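Handing you this structure, nothing more for now.
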Amino acid sequence: MTKRKIINDPVYDGFLSVDDPVILQVIEHPWFQRQRRIKQLGLTYLVYPGAMHTRFSHMLGALNLIGRALEVLRQKGAEITDEECRGAKLAILLHDIGHGPFSHTSERVLVDVPHEEITLLMMQRINEEMGGALDIAIAIFSNTYHKHFLHQLVSSQLDMDRLDYLGRDSFFTGVSEGIVGTDRIISMLNVHDDELVVDEKGIYSVEKFIISRRLMYWQVYMHKTVIAADQLLLSILRRAKELNLSTFNFQLSTFDLDRFAEVDDDDIMVAVKHWQHSGDEILSTLCKNLVNRRLPAIRIANDPFADVQSSYFEGTGELHNRSYDFNDQEIKVLYKDGRCLPISEASDQLDRHFLEKQVIKYYHFYPKEF
Amino acid sequence: MTKRKIINDPVYDGFLSVDDPVILQVIEHPWFQRQRRIKQLGLTYLVYPGAMHTRFSHMLGALNLIGRALEVLRQKGAEITDEECRGAKLAILLHDIGHGPFSHTSERVLVDVPHEEITLLMMQRINEEMGGALDIAIAIFSNTYHKHFLHQLVSSQLDMDRLDYLGRDSFFTGVSEGIVGTDRIISMLNVHDDELVVDEKGIYSVEKFIISRRLMYWQVYMHKTVIAADQLLLSILRRAKELNLSTFNFQLSTFDLDRFAEVDDDDIMVAVKHWQHSGDEILSTLCKNLVNRRLPAIRIANDPFADVQSSYFEGTGELHNRSYDFNDQEIKVLYKDGRCLPISEASDQLDRHFLEKQVIKYYHFYPKEF
Amino acid sequence: MTKRKIINDPVYDGFLSVDDPVILQVIEHPWFQRQRRIKQLGLTYLVYPGAMHTRFSHMLGALNLIGRALEVLRQKGAEITDEECRGAKLAILLHDIGHGPFSHTSERVLVDVPHEEITLLMMQRINEEMGGALDIAIAIFSNTYHKHFLHQLVSSQLDMDRLDYLGRDSFFTGVSEGIVGTDRIISMLNVHDDELVVDEKGIYSVEKFIISRRLMYWQVYMHKTVIAADQLLLSILRRAKELNLSTFNFQLSTFDLDRFAEVDDDDIMVAVKHWQHSGDEILSTLCKNLVNRRLPAIRIANDPFADVQSSYFEGTGELHNRSYDFNDQEIKVLYKDGRCLPISEASDQLDRHFLEKQVIKYYHFYPKEF
Amino acid sequence: MTKRKIINDPVYDGFLSVDDPVILQVIEHPWFQRQRRIKQLGLTYLVYPGAMHTRFSHMLGALNLIGRALEVLRQKGAEITDEECRGAKLAILLHDIGHGPFSHTSERVLVDVPHEEITLLMMQRINEEMGGALDIAIAIFSNTYHKHFLHQLVSSQLDMDRLDYLGRDSFFTGVSEGIVGTDRIISMLNVHDDELVVDEKGIYSVEKFIISRRLMYWQVYMHKTVIAADQLLLSILRRAKELNLSTFNFQLSTFDLDRFAEVDDDDIMVAVKHWQHSGDEILSTLCKNLVNRRLPAIRIANDPFADVQSSYFEGTGELHNRSYDFNDQEIKVLYKDGRCLPISEASDQLDRHFLEKQVIKYYHFYPKEF
């Protein structure tokens, strides 16, 4: 009798059913389990208290979606072997495994290696442990596999990663802007000339997806209070490093995968709590502010801020958002008559002007009076 | 201009709006913010990965519900002053503030003081700091306030605490069994002879509420894998205490509120990760098992297990569940003709036989072969 | 290229995808399309304005669920041929096709043939038209097919009919009591000794299902105002028949399937509007009352009403509800150790006492003063 | 004791509570009850089977929303008397009362009076019957009331009408594109210089609202199969009129409000079913096609179709969609610093280019081969 695991997930129908022993083995791997202790959205929970969801749940959610997508593509005649199915599933399951705690912040101070590289290192190590079971997965992830559309399911402008995180982040923050017709989009996927494309009927859903992503950027991912909290954590990590207090420093030259895999959100937060009692007043003040959620004030403007003194308590920065990238490979729409057009030409809603527009905003954070 | 804070919450309509300065001050208190780092359901996330929600979000959710309930009661003619409204809100806002990390487990080893007592101690201290602003809240919480129904909103068999946690736990676990018609129940609340009662029309909703709670017990709160995880953590804490490694021990005689308030889920988990490298093989094995989610096997039976050797790796225990308590004060139903009957008499669905039935089950956990 | 039809459905993920040409042909049949004009819950929309949903949508919803159930059973090793899959799908798709307008009311006055019989007659006629394509479906529907569990998917105490209508009626009325973990229950289905059973892990979900159904009876299906509206329509149809005005009379001896298939909700309502202007004052009064929603008063009691004069404007009746029927075949639970027990023995929540209890209530409707 | 009516609504929390006796009286009016028999989206249910919801439910939903909006505005300091509250509520409650069956189609053939005019006529008549209770409501509806923002709640580019129908149509069709953060938008409403405005924080939600509305146009309101069905009904009504068979003709010169109020969806559909048996082959063919859902084929293009012969079975037309109208009064955003800018200037997402773009498409319907 096959071992079958049911993994509960409030986002999609309540659960995901897994029975592939190789996938189950990867899920049980300590490095995968570690992602239970790394929040998907870092400090965002300070603004959206429900946003405590983990990378672990996101990676399983993406696995759920790619399973459905592969089924749809097969039904429409795409040739995908069972081995390739497993490979694509493993690729998306592991696509974020290299993330450390508060990645977007910590990568700027602590870790001198991009998380994508760490992901590949970890995939390779797990592959060794499992006797090559991840060979296809790694090829798909690295985009060296000959069936290109499988990579696009894992990483492209319409990949299962984005589909899952938009829906999931929307669910846990309560921001309805990110609700996307996930099932509808997936049912419209198709393969044409080795490219992942969308059937004509799915064009409006794709437009909605692009716009939702854009709105989620401003409502959640770049919410100004989240930026303020990130800046505070950044200052803490910088100060601790300067004082040689941090034990979470990783450089590429001496990169120790096992040591890296031991660090998660909890370690950072416990260190921050500990440093509240540091003799260094700057560090202790910063840490007390984060622990008790006394965040810097922040303002946003369309033009850069001039004459701002940079310190641990004050500074400036830029926010970027582009809903859709023309330099990247475009999402393509497949018409009934066989034509295949990029969404920027196919859509009446999203003309190039709109899609291309990159919004840049500027922020200035500074001490709030308490 | 009044300061107004909007707190996002995915469970109810997306958000809660607060403008009472006293309530805002309490929410900003470090002891309240600390509950952001204590999960509502402890280790349940090892079974339901979405269940990362915190006591912080629950306490705000209960505040949301009591606000609506007070409005309904006033509309139906109950006399409630503005001061009493604030008092009831503060009472429910703080009703869980005394919880420490993994309370149900840690109270059996580390903390020799029930969390209800710690809650009262913390409320009293905050009250001092705020010059008596919590006087009414504390009276309502302690059930010494002359309007008894206000206490019942905070703590009774149909209080806003239970209403919130059932809906919230259901939302984050994805177990639909706990979905309760919260708005409907609240709209049916009334006051009769200083008792919180339910209008006749709400009888079915109350039945549903009682049954849902019962089902959530078995599906979530007493899920056997959660019990297994709790047992594992319990063994860890006991072993660490025996080895004099734990720094989280609190006794009533020497209880230090400030020290207690510094400990949260993160500290426990970081300690467990640290103890993986302990020289004590029992402790290190237990800790590795928890960190990597290698949980004990567990079986449940209707009769006690005999001849089980108790150790750090094996043991037995009991599970209790009673959907409704007759020894406690009953939920009462108010009829249009003025009669007021306990739900056990009013309901055709839930006869006393069913309501009273206390289910006891027995469990046996033991090492799983890996 | 296969013709594929996507049918939108707000209840499950937004849509259902159908590509079997036989099933598509049945859906396009005029008798099936006619069910678009027959509401699932008759006059219930006078109490729950959202409950305008049709038997058409229910029958497609049940098709959706049986498709998932068949997939689950096959994955667990049940032998089901493609022909049998189609047969089971067609059986549930057509299981309600014999319903006329306001069946539960009209069957008491207008139609002297139970809707189950009409369903079979219609299935047989469509089968003739389609050259025997429904042979297996009819056998499954009539419970003469040798694989008994297929019939149980269509008609039993845990069939896809009930699963769909509970969820659907709950969705459109807004009564959360009927929300059932449909996907979870379906994922727990299994086949054991040619019986449809539920895996051990699904026991709580089945309990929830039984209880939800019971609560939906009182909240929706037997809501007293719905009963009052039904009584009013019944009086109208009786009076119109007495006056030889009704053109919707069907007797078994002269049953004309084609004529019957022409009548739907719209005809009844247009006739009622027309009869508002009848010379018969009783009829015109009754009709004006229904059109303008001036419903009779109604009261419910645990004992029969005595000394009530029966008329077109006043009368009495009984309401029955039993959540679960012991005389019918029981829902069975399959344990990991191979045992298979009826739910009444397997459940700790639902003991026989509770399950068996048949609640009877009595109603008295009478003219309301306007 | 006040009479209180709870009206169930699956779209918002399950229900709406009404206790104003004047509003209750209007809801009970036969002309209001008649809207139970007129579907909000006409023949759209032929594409989205769940879309059976009525104008009755929409008008109550809009009442629900305006109630919340008025409360928010009062809390923010807007001066609104109780009489004005009632007036605004009655205005939105009745804003669609003049709709006849399949308005958008029937207005082109049967009814020579725009539904807005009929609405006003009906409001005036009800006002007479109720001794002037609707005076303020009519002034607000007609935009002659001195507090302009009250009219904007009822009719503007961000009125409660649109907010309700977007959410409601999305709910019943299952098209998630229309899900709007209704509560969030309402909580952001404000009044500035007698204008209804949106607080700065609500800017992204308003963008989402505008975009959602645009997407709902293409996904639902102008779905090509719905257009095809509308064309078929239009041909039927035209042919019946030509043959002097229609009894549903209304001209302004002889407009009979009482006669008009007797006609609803059911009458049209029963007539269509009746005309299936007409001696006129064109009419009978058209009617059979509609009854059995054999809709014309339809294609959509960006350029007009040339050389199409117009007949009862074939023809062409245009579709328009503009998400936002610059000629109409713009939605305005109120900043913390007191500035008040139109959304087209305030938004980074929606620049004028995008907002202004009116998409025109062309369709050609023609007989499908069966």
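Chains here go by letter, A, B, C and D, matching the order in which they are written, and residues are numbered from 1 within each.
Note that in this section contacts are C-beta pairs under 8 Å (C-beta built on N, C-alpha and C of every residue); 3 or more make two chains touch, one makes a residue touch a chain.
Only a predicted model underlies this, so the values are computations on that prediction, with no experimental measurement involved.
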Inset, instruction - Tell me which chains count as touching both subunit B and subunit C. - result: A, D
Inset, instruction - Name the chain pair with more contacting C-beta pairs, choosing from C-D and B-D. - result: C-D
Legend entry - Distance between the centres, which are taken as Cα means, of subunit D and subunit A, whole angstrom: 40
Inset, instruction - Would you mind pulling out the distance in Å between where the CA atoms of subunit B average out and where those of subunit D do? - result: 45
Inset, instruction - Could you please state the distance in Å, as a whole number, between where the Cα atoms of subunit C are centred and where those of subunit D are centred? - result: 32
Legend entry - Residues of subunit D whose C-beta touches two or more other chains: 14-15, 175-176, 181, 184
Inset, instruction - Could you tell me which shape the graph of touching chains takes: line, ring, star, complete or other? - result: complete
Legend entry - subunit D partner contacts - residues on subunit A that touch it in the complex: 175-177, 179-181, 184, 204-205, 207-208, 211, 214-215, 218-219, 348-349, 351, 353-354, 357, 359, 361
Legend entry - In the complex with subunit D, residue positions of subunit B that touch it: 6, 13-15, 17, 181, 183-184, 187, 201
Legend entry - subunit D residues within the subunit C interface of the complex: 7-11, 14-15, 28, 30, 33, 36-37, 39, 45-50, 52-54, 56-57, 60, 171-176, 262, 265-267, 269-270, 273, 291-293
